[in-house]
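Labels A, B, C, D, E and F are assigned to the chains in the order they are written; within every chain, residues are numbered from 1.
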Amino acid sequence: MPYVNIKITKTGATVEQKAELIKGATELLQRVLNKNPATTFVIIEEVETDNWGVGGETVTARNAKAAPIT
Amino acid sequence: MPYVNIKITKTGATVEQKAELIKGATELLQRVLNKNPATTFVIIEEVETDNWGVGGETVTARNAKAAPIT
Amino acid sequence: MPYVNIKITKTGATVEQKAELIKGATELLQRVLNKNPATTFVIIEEVETDNWGVGGETVTARNAKAAPIT
Amino acid sequence: MPYVNIKITKTGATVEQKAELIKGATELLQRVLNKNPATTFVIIEEVETDNWGVGGETVTARNAKAAPIT
Amino acid sequence: MPYVNIKITKTGATVEQKAELIKGATELLQRVLNKNPATTFVIIEEVETDNWGVGGETVTARNAKAAPIT
Amino acid sequence: MPYVNIKITKTGATVEQKAELIKGATELLQRVLNKNPATTFVIIEEVETDNWGVGGETVTARNAKAAPIT
């Protein structure tokens, strides 16, 4: 009965990639802790790069400068 | 001073229904634990069905197949 | 398939009261949005009063002064 | 390695203000707990006023009546 | 730079199993979205069965009756 | 009416330091967005180092090897 919340920057993850994350996270909980997939929830939240900060600045600002952070 | 976070799939909850959820959750905390409504926060998050998974697949995929999951 | 997260201060909620919150929140989602209780999750988190702040100070500090905040 | 999540109502915070929040929260963790900014995440979530409740009603409803709540 | 939050019931996950979840979730984000493991956070929260509800009752109550929910 | 959630590793933050975080986060929201401190919530969660991962391994494991991550 696990609950998994995945937050990523909103930078173009496709429907297929999100389905992959959901499938993979569910299998991980089943494999490691024998959790039932039928009652495993996975919620993906995509966050604007203006709203995500690391190193004290927004991801937007960082990516404007140099090698993007994923 | 409770904080309540309700996540639902983004499938057409109306403004009135969301107001009902907020009212109901606030009353619940008051009734059960005598919490002050004035300092009870309720936040509703509506999640795209492509971003919510159960049983290892997206709600979008499940609902395309069979009886919808609410 | 809703997910409800309730955060309250850790100030003695009993097992029965927590069961009441779970029952009430599940019924609320069913009544307002016709959500299936079988796939409604409710998670209660009890937070130490040293770790919860309002008005810029901890709940511990506030309650030491005056009328407790619930 | 802290993780900070800030939820505010979606009422017009600018990109510059959000960058200020990210910078300020990161500096706070560094100043108080000596946390490394390079591994401090800050995520800002902006919530529609129809989806945020306090006192048992939506912020939208409250602000229609009287002095806005910020 | 993903952030993954895994909530499970507190029912005896070992340190090794938790390390497996962290490793697996990090690899999943790298494989599907090419996210950098060095900036992937995974936080596991273990929730008492009295504080987790499904179907309108606590996991404690459900497991006392019948086939445990994991 | 902001809500701030700060997650840090459970590595000895004192009551005074946590009060500093609450004060500082509240002031930050007031300074940048003119939010009312009276309705600003700050919740600090302290996470065991076995339950926090970065780079695919637990903080416990990383700190056993080399320069601690804060």
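Everything that follows uses one rule, which is that a contact is a pair of C-beta atoms (placed from the backbone, for glycine too) under 8 Å apart; a residue touches a chain by one contact, two chains touch by 3 or more.
Predicted model, so just to flag it, every value in this text is computed and none were measured.
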{"item": "Co-neighbours of subunit E and subunit C - touch as defined", "value": "A, F"}
{"item": "If a chain touches subunit D and subunit F alike, it appears here", "value": "B, E"}
{"item": "Counterpart interface for C-E, drawn from D-F, C-F or B-F and sharing over half of its contact pairs", "value": "C-F"}
{"item": "Furthest chain, CA centroid comparison against subunit A", "value": "C"}
{"item": "Euclidean distance of C-alpha centroids - subunit C vs subunit D, Å", "value": "21"}
{"item": "Separation of subunit A from subunit C, taking each centre as the mean of its C-alpha atoms, in whole Å", "value": "26"}
{"item": "Set of subunit F residues in contact with two or more other chains", "value": "1, 3, 7, 21, 25, 39, 41, 43, 52, 54"}
{"item": "Pairwise chain contacts under the document criterion", "value": "A-B, A-C, A-D, A-E, B-C, B-D, B-F, C-E, C-F, D-E, D-F, E-F"}
{"item": "Interface residues, subunit C side, partner subunit A - complex", "value": "1, 3, 39, 41, 43"}
{"item": "In the complex with subunit F, residue positions of subunit E that touch it", "value": "15, 18-19, 21-23, 25-27, 37-46"}
{"item": "Interface residues, subunit B side, partner subunit C - complex", "value": "1-9, 13, 17, 20-21, 24-25, 28-29, 31-36, 39, 52, 54, 59, 69-70"}
{"item": "Touching residues (chain side subunit C, partner subunit F) in the complex", "value": "7, 47, 50-58, 60-61"}
